[in-house]
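The following pair of complexes shares a single chain, chain A, combined with chain B in the former and chain C in the latter.
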Partner chain A sequence: MNSTAQKLETSTPIDTSCYADVTDAIRKEAARILADGTVTAVVGYKAGRRAGTTMPAIVTDPAEAGGLIFSPACVNNLALYLTKAKKDVVKKGRIAIVAKGCDMRALAGLMGESQIKREEIFIIGVVCAGVKGSGAVNSEPLTTGNLARKCRECTVRTPEGADLVAGTMPSLPELTPVEALEMARLEAMTPAERWAFWKEQFSRCVRCMACRQVCPFCYCEQCLCDKNRPQAVESTPRPAGNMAWHIVRAMHLAGRCAGCAECERVCPMEIPLNLLNRKMALEMKELYGFEAGLAPQEKGPLSSYKEDDDQSFIK
Partner chain B sequence: MHETKEKHDFEPKIVAFVCTWCTYAGADLAGTSRLHYPSNVRVLKFPCTGRIDPVFILRAFQRGADGVLVSGCHPGDCHYMAGNLHARRRFAAFRGLLDFVGVDLNRLQFSWVSAAEGGKWVEVVTDLTERIRAMGPMEEFKALETEECWSGELNSPELQEAYNNI
Partner chain C sequence: MSRIGVFVCHCGENISRTVDVERVAAEIGKLPGVALATDYKYMCSDPGQGLLKKAIAEHRLDGLVVAACSPRMHEKTFRNAAKAAGLNPFLCEMANIREHCSWVHEDREEATAKAIDIVRLMVERVKKDKALQPITVPITKRALVIGGGIAGIQAALDIADCGHQVLLVEREPSIGGHMAQLSETFPTLDCSQCIMTPKMVDVANHPNITLHTWSEIENVDGYIGNFQVTIRKKARSVDMDKCTGCGVCMAKCPQKKIKSTFDRGLGTRPAIYVPFPQAVPNTPVIDRENCTYFKSGKCGVCAKVCGPGAVDYDQQDELITEPVGAIVVATGFELYTINEKPKGSPIKGYGEFGHGTIPDVIDGMTFERLASASGPTGGKILRPSDGREPKQVVFVQCVGSRAREKGISYCSKVCCMYTAKHTMLYKHKVHDGQAYVFFMDARTPGKSYDEFWRRAVEEEEAVYIRGMVSRLYQKGDKIVVMGSDISVGVQVEIEADLVVLATAVQPRQGADALAQKLGISYDTYNFYSEAHAKLKPVECATAGIYLAGACQGPKDIPDTVSQASAAAAKVMTLFSRDQLEREPIVARVNERNCVACFYCKKVCPYGAVEEKEIRDRQGNLVRVVAYVNPGVCGGCGTCQATCPSKSVELEGYTDEQVMAMIEAL
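Then we have the complex of A and B:
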């Protein structure tokens, strides 16, 4: 649903010429910091097996730094590999990570949650004109038609707070905020219509848990949703359990989600998960003036409080 | 002295998650003061509102509650200092989420009832019960419990066709 809706729109190509410079800069910097011992590993992207795809790569040898790339297919949020749950991926020492602006938000969030320390990582920030959305054809260049939904409303194209920022930003064509429009459409519905909408969406969920596995903030070693004594969330892919899973997922990420939309990207059933994340982010902003991951914060909005928080809904 | 019991077509099931230090004691006071309130409410006692996970509310709805009440100590009175202040934020967020997935928030009530407020407990419970009674049963979550994603039929025309095409 996500990708087809965008294809209706006429596509204008997006200037991605800067990605070559970015790739060069990443390679040079990675080789330098690996060689001089600043870091023990670089988490970045390398070309995938099929043309036009990429995959995450962990480089420890300066000679291999030449394999790192940056392209519109670099969709993954690599922050995932730095959490404590992935401690076998990155063993020890200072680690460098290639991060787009949206990935930087997740890094800031993880720092706030004591998953990583700023001094233990080296951030190679990249300027980003956007990455491809789900369903985009590998051989096609990046256009306004196949751009990821999150990239249409991106405000962090040039990351701040990185150790190095690679590349310069090209000018971009006008982009329709597809997701914001979808949000407005949902908000305007009656509760019963929204229930019908989500019921249909969630009924497709196959409970593969890809959305959880890809999320940098779902690093709990034991997920509430896997427990069965007592069982809070039914684990079979049936409507009851699916509804519970999605409510619990959104709730557990409220005030923490970085909005990287990875969960939505990996969903094989094309469930618009980021709408739920976005709703929670809006609530956090309206109620507590909190925005995820702009700077590392010691306490998230749901692990802190103020004496005068709104309680108009409490009798 | 006893009021005559009114007959209703629909008796809602209401689950109340309450903190033991304030609201539970408040409900107790209502009892010892011989105040009347609807017996529709099933009270579950917790150490603090901070212990009441939104997933409990979800579970209550899934298991057939028509309405849920969450009640604890007034701000400043929490036995654990700030359990209720954390809970206040959590529940505000949870309400927003439930509203977004299409749950009618009139089915969910939060309140502060202290150990001395037996009267307020009666009022909160009565109001909620009457409101839910007027709204009728909560069907949404209950319907999900019995639904399956697929028809359950093993020889539907679609499956037959797919099978023949193998």
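Then we have the complex of A and C:
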């Protein structure tokens, strides 16, 4: 489902010249801030073992800053490395992070939840024309055909609130909003049809918990779904427990998830998890006019009470 | 294995009429862990409690379920009984099979089955109950009284006389409130000022009372026994320590034509003023909106003539924070302004009565000022328009009150009596005058009240017309009052010289905002709500806050004073102890699992969640976690519902208990 492999449109190449500029800027800035002691480590991307791939990298030596890159293969949301899930990273001191617009929203959310402090991180924002979807061939250049689904409807290509923004945005060809179309298709279903759709999707879940491990907002050290006294969610991959897990996940992310779609990217069973996230985000926007992660916020609509809150959902 | 005792109450016939209590006891007796299950006619009675106490010892019970009424009714009763028998009181729970079952069902078979389910759930909960110890918190033996009218004055004096410190906060420049504005008081016609001003002086001189006039409540934090109150002392522009109250500044102030609110706009006052000559404290305030110096920077006469140099134009509002243990709210009332519809209010105005447009249509309080010896006319009844003595005066009762279609359905309680008083005062001052009263019915329950009213009708010859006024209009220098006399079924028209409207008593503007700061509840009209209409008439549902006077509902002076003394008694009861015991039904954080997202802190309505630093032996910060202050926690469980990692739980309502209850269903 995740696949950009559904070749919906003829593949038009996307101008990727900005990635080289961004790579240069990241390298220069990383070397500078490591050398002058502004930060003790930089979380970024470096080239992967196979050509055309990348992997997250933590650089502590200014001499190694030259190995940092930015390319359409930089899919990971590095915000994850600043949460309690990666304690060893956080312990290093003040850290710089390379952040695309979508990653930036996760950082803002984490700041609002007291997980990171703005003054303790240095954000190297990068403009981003999009990254590749999971079905893309490594050697292929970025095209409208192999672009990740989330990038087709991106509203934050130039990040805001970063310490520095690297690169300038090229103009993009028109993109089909695949995910919005899929959302509309689900919305048009009857509740019974929709239930059947998700039941089928969740029945494939093997409870590998990759979606949880990769999510920057799943930073609890003890997930309630792993508890057994009392057990709220059955832990084996059976239909009832699967359904419960995914509903818990969606509810816990409501008003928090900023839509980086990492859960969907890492799902080995190709469950369209970001559709659920987007549905929750849509509800938040319709009910409270709220969008997660646009700026660090002390209180979101679900943790505050206002007299004029929309109560129409109470029936 | 638990040894739980279950006691099923008949509640006379309240429960046993619809629920087969014997069968409930028999079924529950079969459950594992239940050592005893029995039924009794009145569990809350002395023999019923005796049964429970005896069973605890005989059957070595380690948990109790009393299947009876709502825990709001008798939880305390049975927990005390358990405690007396040596069992931790928090191992005793109630299963509500009356309000939740017998009272709301008719079918005996189904009601019995439901009762069995309810009791079974509670048995599962009690199995996992923990023995809890009550939380003790210290009490700050210092009271705050908000409002310096007769209610606030009485409460402050009573508490202070008992030896406790009192802070009295008044919004206006002087204490005294509405009672200081009244001429004479019913039913004895004694002069209001004569009985009021000595009390005001007592307040000023009392060593235990700190008076903050021209001050407002900015913020209230904390909880019973331990409130932190921030008071905004508005800039007076006069140094209270230096001012001697000589009054030269007021005499010399060139700006003298400002309408006096104390005299309901009939008299005037200077820009530097005390509201009335007997004001306490007798220190003037500069009305910055009308002062020439503040408007244009020129003048400064008051500063020049002030001998002690007390006038200080640069004074700023000052915020002070004071610890108090109890709060008495006595913010009083205001009269309904009927000519205009209050903004955002469902209350409709009475444009047809011409109040505000016809100068000789006044309200009851304005008439009080006309009749007062210290009023703008020196006690002569004179028309505001031309200063002539009115020969025919029409009084209209229930203007605004008891008018559902206009938005207020309640009775303002004092108008029948004060209108009767007004007719007498008028008759005493204008011997050849005639008073007419339009009324729906005369409500005179009170000691010597009906006699007073009858005197107005029978001896002082006020003409009472049963009916309502439909319209008022100016005709020459007369006001034509059109109404109906329903006792004889005719339309009446009276050409009056003066019309006095007994307008509805309403809470003060901003009463709702203050309630929100205090965390107390209020009704649709913004009157503050007592905890129980009959049995807790002066307590608020929020512990440690008490009500006195008309802020809770329309009241006359005797009722107000009684309630103020009652509120003071409640405060003194609280202060008679050194420590306060609170139920330990509070949230506790599992610090091992807490990830410090502080969603609990964001949603806590009590402000009970704090950030706690955990440090190692060298003092290095290991982690930050949430901490629930048990003294502040109200036990609502919102944090428990919000916590994503389920790291905070409410004692007695843990997830384990709730899940066990669900599984028992």
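Going forward, the second predicted complex is superposed on the first by the 305 of 315 C-alpha atoms of A that agree within 3 Å, B and C clash if a C-alpha of one lies under 4 Å from a C-alpha of the other, contacts with A are read in each partner's own complex, and residues count from 1 in each chain.
Just so it is clear, contacts are C-beta pairs under 8 Å (C-beta built on N, C-alpha and C of every residue); 3 or more make two chains touch, one makes a residue touch a chain.
Everything numeric in this text was worked out from a predicted model, so none of it was measured.
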item: Side-by-side fit of chain B and chain C on chain A, or clash; value: clash
item: Touching partner for A:A250 - first (chain B), second (chain C), both, neither; value: first
item: Which of chain B and chain C A:L224 touches, first, second, both or neither; value: both
item: Touched partner set for A:Y288, first chain B, second chain C, both or neither; value: first
item: Chain B versus chain C as contact partner of A:P239, first or second or both or neither; value: first
item: Which superposed partner A:R49 touches (first chain B, second chain C, both, neither); value: neither
item: Partner chain in contact with A:K92 - chain B first, chain C second, else both or neither; value: neither
item: First, second, both or neither for A:W198, with chain B first and chain C second; value: first
item: Touching partner for A:E298 - first (chain B), second (chain C), both, neither; value: second
item: First, second, both or neither for A:E113, with chain B first and chain C second; value: second
item: Footprint overlap on chain A, where chain B in one structure and chain C in the other make contact; value: 224, 232, 303-304
item: Touching residues on chain A, where the partner in the complex is chain B; value: 186, 189, 191-199, 203-204, 224, 232-233, 237-240, 243-244, 246-248, 250-251, 254-255, 276, 279-280, 283-284, 287-288, 301-307, 309-311, 313-315
item: Interfacial residue positions of chain B with respect to chain A in the complex; value: 54-55, 58-59, 62, 75, 82, 85-86, 88-105, 109-112, 124, 140-141, 144-145, 147-149
item: For the chain A and chain C complex, residues of the former touching the latter; value: 84, 113-115, 219-224, 227, 229-232, 252, 298-299, 303-304
item: Residue numbers on chain C that touch chain A, as the complex places them; value: 592-593, 595-599, 602-603, 624, 642, 644-647, 655-656, 659-660
